[in-house]
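Before anything else, here is the set of structures, which you'll find just below.
Each of the next two complexes has subunit A plus one other chain: subunit B in the first, subunit C in the second.
And now, the complex of A and B:
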């Protein structure tokens, strides 16, 4: 998985591309930890290019969400592809994340 | 570096004398042979590094000697230089075809001979280094292979142990038949399931899929199999009558008072909450069949919804349920109760089946599984399992899977006992 990020107002938009599996999860956790160290605590995950997520990926997302909440941060998820959204629903985890249709909507939600 | 050993072969004594003197001076170890046959014998017994041989000799000629060297199986490369009065291109080609590495024309120049032998020495030393490196590589490879074999043996043993945790197909339960499918993606799986009788009223069953797969997942799935063993479940679902101070016992072991699948999920969620970086968690369906009223009570924790096939063949999915276990500390779980009609079938499965991908990266999917179940309605459960395995393996195109595959099929027998 390749991960890039850019600043959009007060939010850091983290764009992911590829397979969100155990290897992707490791990369993801590394990048988010760097952002948290830089005090970037408002994050939008742009997942429009993530075509696959497995249990390790879901675990990483929940772990980071927990860490963000603990540190008073704000993590939003945007632009889930239908097949990935299905996994969120299947595991019922869509209920614990703030999920938006687009990155713009996630930022605009205030 | 050891001395380079050169065998000089020439039928002219005077040439051998000159060669011997020069080569000794240049630091080579010199052996001499006065004709082709003697030379060939020495090549076989001594295996020199370099053979410096005259082309034209009575008896065995240099060219034929060269061919013999090349067609023999020596443990290392022997560098052959032909000494020749022939300078024709055709002769050179002939010599190269016979396997000569270099040519020196007669009468030879000492300076030229020296540089040619130096070139040969470089080649031989490189080759010796290569042999050395190769033998080190061979040794490393052998060690790796040994290690792999030992890990593989351990994993195979672990896989066998894991299989003993699965329900025994020979066991008959009152009112229910069951069959299962279990295809780990590696030797050992993060999937685990069981079905067992608690008492004359209750039969419990579950199917669990631990996140990830391989050894880390299998460690947790094995632990869970123990935690949820029939013996442990008996304690959960039927508090032993001997307890005098029940309130005290409950405080001591809060799981003892559990009575429904949702309570089991809740309790497991507390016990297995993951706080470390590995974020290991699992999804689960836990169910309980009440023989008296024919009801099944099920709780789901982030798991693919079980499939219920009614006696008339209609397919229903049992929706609802809570988060995977170990992720969300204040998670709630609910019980769903439905009537398990005689002739009905219930299927618990891991997402390894529905998310199994073919060579075009397309998933097997929910509907394919439901259709397969429907198509096999007339088959006994064991044949249905065989057919499903055949179908999934066929879809995948091979029998190695990205994720563990497991399915537990339960059928309520026609005549209820």
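And now, the complex of A and C:
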């Protein structure tokens, strides 16, 4: 999985692409930890190019959400593909995340 | 029954090669335009099974991935040399607290028609069966 990020106002938009499996989860945790060290605590995950997620990817998202909440941060998820959204619902984890249709909507939500 | 088999080092980096192998076999089974949901579900179940196998297997070992299929069903077998698995003893994930882990077997059970485990001295085989005549993934 490739991960890039850029600043959009007060939010850091993290764009992910590829398979979010155990390998992707390892990379994701590393990048987010770097952002937290830089005090970037308002994050929008643009997952429009994430074609696949498994329970390792879901677990990484839950772990980072908990860490960010603990540190007073804000993590939003945007642009899930239908197949990926299905896994959020299957694991019932869609209930604990703030999920938006688009990155712009996630940022505009304030 | 036709079959395809691959053996991979028991390390997470093998997931990439396994995913490519799985995509190739899915096309061989279902054609060049497989039903998206069915292909995705098979790929996801394989990823869950292999990740579990690798994490509980130990360094320096190999895991096996085999697809066997006919017109009615596909049987996916993941073989590892880790500890025994008794799926009837594994609880459902804790949905109430939004648990960080424990979803792998649950996802496999939701996506596949049957899951069986054969423990043998020094390892186990996890078999996932998916019927192909349902047409909806």
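Simple rule for what comes next: the second predicted complex is superposed on the first by the 110 of 110 C-alpha atoms of A that agree within 3 Å, B and C clash if a C-alpha of one lies under 4 Å from a C-alpha of the other, contacts with A are read in each partner's own complex, and residues count from 1 in each chain.
Convention: contacts are C-beta pairs under 8 Å (C-beta built on N, C-alpha and C of every residue); 3 or more make two chains touch, one makes a residue touch a chain.
Note that the coordinates shown come from a computational prediction; the quantities given were computed from them, not determined experimentally.
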Have a look at subunit B and subunit C on subunit A after the superposition and call it: clash or fit. clash
A:106 in the overlay: touching subunit B, subunit C, both, or neither? Say first, second, both or neither. neither
Partner chain in contact with A:91 - subunit B first, subunit C second, else both or neither: both
With both structures superposed, pick whichever of subunit B and subunit C touches the larger number of subunit A residues. C
So, A:59: does it touch subunit B (first), subunit C (second), both, or neither? both
Considering only the touch criterion stated at the top, classify A:1 as touching first (subunit B), second (subunit C), both, or neither. neither
Partner chain(s) touched by A:77 [first = subunit B, second = subunit C, both, neither]: neither
Pick one for A:13: touches subunit B only (first), subunit C only (second), both, or neither. neither
With both complexes superposed on chain A, which partner does A:22 reach: first (subunit B), second (subunit C), both or neither? both
Among 114-122, 168-176 or 276-284, indicate the stretch of subunit B whose C-alpha atoms run into subunit C. 276-284
Taking the stated contact definition, name every residue in subunit A that is touched by subunit B in one complex and by subunit C in the other, in rising order. 22, 54-56, 58-59, 62-63, 83, 90-93, 95-96
Going by the contact rule set out above, which residues of subunit B touch subunit A in the complex? 209, 211-212, 274, 277-281, 283, 302-304, 321-324, 327-328, 351, 363, 403
Across the complex, what residues on subunit A touch subunit B? 22, 29, 54-56, 58-60, 62-63, 83, 90-93, 95-96
Can you name the residues of subunit C that touch subunit A in the complex? 12-13, 15-16, 19, 36-37, 40, 43-44, 47-48, 51, 54-55, 93, 95, 98-101, 103-104, 106-107, 110
In their complex, what parts of subunit A are in touch with subunit C? 19, 21-23, 26, 52, 54-56, 58-59, 62-63, 66, 83, 87, 90-93, 95-96
